[in-house]
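Have a look at the structure below before the remarks.
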Amino acid sequence: MIQSRTDLAMESMGTDSSFPGVDVRRWEEGDVQLSEVVIRTEEAAQALGKPCGSYLTLECRPLREHDPEARIAMANLLGEELSRMLKPSDEAPILVVGLGNRGVTPDSLGPAAIDRTLVTRHMLQSEYASPNMHSVCAIAPGVLGVTGIETVEMVESLTGKLHPRAVLCIDSLAARDSGRIGCTVQISNTGIQPGSGVGNHRRPLTRETLGVDVIAVGVPTVIYAATLARDAFALLSGDGGHEEALSSMERELLGTDLGNLIVTPRDIDAIVKNCATLIAGGINRALQPNLTESEIAAMMD
Amino acid sequence: MIQSRTDLAMESMGTDSSFPGVDVRRWEEGDVQLSEVVIRTEEAAQALGKPCGSYLTLECRPLREHDPEARIAMANLLGEELSRMLKPSDEAPILVVGLGNRGVTPDSLGPAAIDRTLVTRHMLQSEYASPNMHSVCAIAPGVLGVTGIETVEMVESLTGKLHPRAVLCIDSLAARDSGRIGCTVQISNTGIQPGSGVGNHRRPLTRETLGVDVIAVGVPTVIYAATLARDAFALLSGDGGHEEALSSMERELLGTDLGNLIVTPRDIDAIVKNCATLIAGGINRALQPNLTESEIAAMMD
Amino acid sequence: MIQSRTDLAMESMGTDSSFPGVDVRRWEEGDVQLSEVVIRTEEAAQALGKPCGSYLTLECRPLREHDPEARIAMANLLGEELSRMLKPSDEAPILVVGLGNRGVTPDSLGPAAIDRTLVTRHMLQSEYASPNMHSVCAIAPGVLGVTGIETVEMVESLTGKLHPRAVLCIDSLAARDSGRIGCTVQISNTGIQPGSGVGNHRRPLTRETLGVDVIAVGVPTVIYAATLARDAFALLSGDGGHEEALSSMERELLGTDLGNLIVTPRDIDAIVKNCATLIAGGINRALQPNLTESEIAAMMD
Amino acid sequence: MIQSRTDLAMESMGTDSSFPGVDVRRWEEGDVQLSEVVIRTEEAAQALGKPCGSYLTLECRPLREHDPEARIAMANLLGEELSRMLKPSDEAPILVVGLGNRGVTPDSLGPAAIDRTLVTRHMLQSEYASPNMHSVCAIAPGVLGVTGIETVEMVESLTGKLHPRAVLCIDSLAARDSGRIGCTVQISNTGIQPGSGVGNHRRPLTRETLGVDVIAVGVPTVIYAATLARDAFALLSGDGGHEEALSSMERELLGTDLGNLIVTPRDIDAIVKNCATLIAGGINRALQPNLTESEIAAMMD
């Protein structure tokens, strides 16, 4: 089965509610729908185009109306999930990596989130150190066309130097359903795969390449034009079933000019800004459990 | 006949090479394809969804590869056409208006072009005045949601105060063919219509509302998702002919979430920057025929 | 008596605690020091280089350490004072004007505050209107060198069109004491004077020129290099008394290259951002007394 | 002898035209004044507060009037000097490092210059490779307070990974004479010292720490307020000679609030932008001798 291009594991199963080798769990907390997809077998990984591992999705449609309470609720849940995955245990820092290109709005979520993340590693030996602080450092490595350096080269050389406990990557994603743009967060323990994300990474950032745990947090900011066209065709032709015909169609469209086009909401600049605030809020809560929000805010300005 | 949404007059005729009440002329200069569409009758205006008047299109595909020579060639042609339309005759200033929203990349062409336009009105009574300078002033009025003021209210009140010889509006447009994004410039003498542009103006900026000639210069930066879906459907279904079925389909799509989605190339930030430089270059040449490029550059920094 | 250049009325009295024709009152609320200077006579206005009227100063040094609670306390007090001065009485909008240049950091407070101000005028006739909303519109008119249009021309033409109940101007100021940069807000009912502000306005924005009340809100973001040199000289020479010698010295310095130099803290970008948030927060509270902060935040994003 | 704070070697000699252990040479090319200071002995290094090595200064006052021809002349000379110092000989890349903080205007020269530098390393194995291209990669590592990572840690880990032939650092400098801001470029072969630059680096970037040649290019964008006060005092007191008294004064001033203040021209945003274009222009000419300017421009957009 060939799928529309999506970076969300929950979408890669299509309309199927179960899939051999995959565990799916769904639940709600307040206005937030959560779903966990655990890919257990290599066959399932192959079929879904995603490596084995756990993918947690938090979805909250009121975020699209810029509801500040939805943002706080999501940041809290995200903080809880991240602190569960990062299980603090020693003094080594967490390295937060903001993937993507500052100069391309829908690809700028990572760098924008880095700007709002509290870094503390440099303060821990200083007079400003507090015993409550955990060590955090952060970079936005830029993209290959801007630096001439592969992201993985940069992160690899830094992990060799800084010996972080884990790497936490933030990235802009492509979704299949436009309704998920800007209101869905995916957290996974599988790192970053080649060809994923809006900026399309060439080489993986994973435990294999970096030697430490790699957690990925992403928000869909685009859908691909070929995906949109395919889904519109399915909708209009009343022909949702002929998966194979649709997929060959999509491949054909990708060969045209459409392959370079992305589809976003008009207010994508505001969406990226709000989601960066949400993601950084969740990260700050997870990484600095001993600091109040007001202490974090004062240190950030 | 109902058409896909496009702000380009040359696209609104669809595949028809002639149309009753419309004169069309096409020619080339170097790498630039020019076409002039003159809508002469109210019936044609109605059918094409564009008011009577002249629409000149300059198209140069190498612009999309960021070819600097293509940019210079286009700026030169644009300068010639604008100086023909603005026929300088007295001391009154030209008011250049950069429409659109700085915070929404594909809608920011107008404000970005304003930043690169040489303004001189304030220097003409000063010691820096040169007898070679023509009077130019410029504003980026912002959008209704940011100011609470309709663009037409702002421009109308300024024209009442400054008595410009003409108003020159710059705007981001929607096209039908994605291949025209970022490499096509449309100049028209009909001003700005309600519902046109990426930011969708509510009220017209025309000779009727402002009392002076209104020239509009625009570059397509988006296509609408519904247009894309429609065209993909036509392509895939091998069914280019059933215009009516396609149009009803497009209307249906506009009623879904798709109505808020726009389609752009990934490198839209760079496209807008380059096109703003091109447009401002053409305007500066047209409005300051007695200054060299190097004099203009020195005054701009 | 000739004074160092300052836009703060409270500083223009120098070290004198009283001055003929001027009423001064000082008090505290929490961490905020308030002082009100009322200039009552033309002689005093002449001597202090400020027109007759009331100048209220709020000062809170912890703001410089980016204390978020200080910011909230200041925004609350500012909101109270502004709502007292603007006495809502009818349906006409308030026009908020962000003076200064976005491209010059210490002069960008006004435009940055406008970006954070809730505008509502355009919603009041729409389906989104709430009976709780007051009418507010806002512009950042830019500076003469960028638009070729005097700020007063732009505001005058808009007030003629929109008939606002009052104009509220936000501007970056010059102080004499560097300790006041970024932690002091001045509110006055005298409008904006020529030669004041960091951007040095040429013509006044006052009740006389605009025909409606003009309230000015400003924060010092710079001191002038000549002022600094003068004060350093007084400090170092142990010679605070010879006012006349110092002033002639300062005039001399202004004739040198120093006249174009400004002195700011290194973190002026962060200071401007935080003060813009504070000022907009105070304005939103004053102008929308019936909306909660969370409702305002949701409408702003 | 204690000196005012300056990062320019030519200023650190004060008004002395010769100094034991230091060779000084001055000459002109067109409108550009060049001076080369070579510090030969440890005693001279100690006395001047700069390590042994060569410091070349290019100065061109018309740059401050934003003269585009001055910019081209300076970029050409800079290109020649850099190509002399970098003596290309093998396939290893040059790593260009833009020091400083994007969010602090006078400290943002380095990152801004990186944005305008042509990077090619990633193209050399691709279909876009040209035999004429030399390998260049670039980073803007940010500042300690933003990343929690010392610049030297980041550059050291990257040089270990990429094995560049040389590191070329770009930084904002402090000068003593405000007339040199924005119109002077210093090139040195001594790398970056602790405490130098506007952002005040903590640890050196030198051949010793990085294992490869480190060339530093800088432009003064600020003077320190204490330096200004000291020089103003010397000027005003007609007492240029008592160096010791002045220096103790300056130290005293540094202990006050003045220590955090910087002095810049009002148009520092434009100065940084223009100087970044100049520096990147010189670097691109030096590092890509086989490409024309128009080829470089086309690859940059």
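All chains are identified by letter, namely A, B, C and D, in their written order; residue positions are counted from 1 within each chain.
The definition used in the following text is that a contact is a pair of C-beta atoms (placed from the backbone, for glycine too) under 8 Å apart; a residue touches a chain by one contact, two chains touch by 3 or more.
Values in this document were obtained by computation on a predicted structure and should not be read as measured data.
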Under the touch definition above, the chains in contact with both chain B and chain C are A, D
Chain hops separating chain D from chain B, counting only touching neighbours
1
Which integer distance in Å separates the CA centroid of chain A from that of chain D?
38
Please tell me the distance, in whole Å, between the geometric centres of chain A and chain C computed from their C-alpha atoms.
42
When centres are defined as mean Cα positions, the distance from chain C to chain D in whole Å is 37
Each of the following residues of chain A touches two or more other chains, namely 270
Can you check the complex and tell me which residues of chain C touch chain A?
65-69, 270, 274, 294, 297-298, 301
For the chain D and chain A complex, residues of the former touching the latter:
93, 115, 119-123, 135-142, 144-150, 153-154, 156-158, 160-162
Which residues, counting only chain A, touch chain B once they are in their complex?
103-105, 107, 178-179, 198, 225, 228-230, 232-233, 235-237, 249, 252-253, 257-258, 260-270
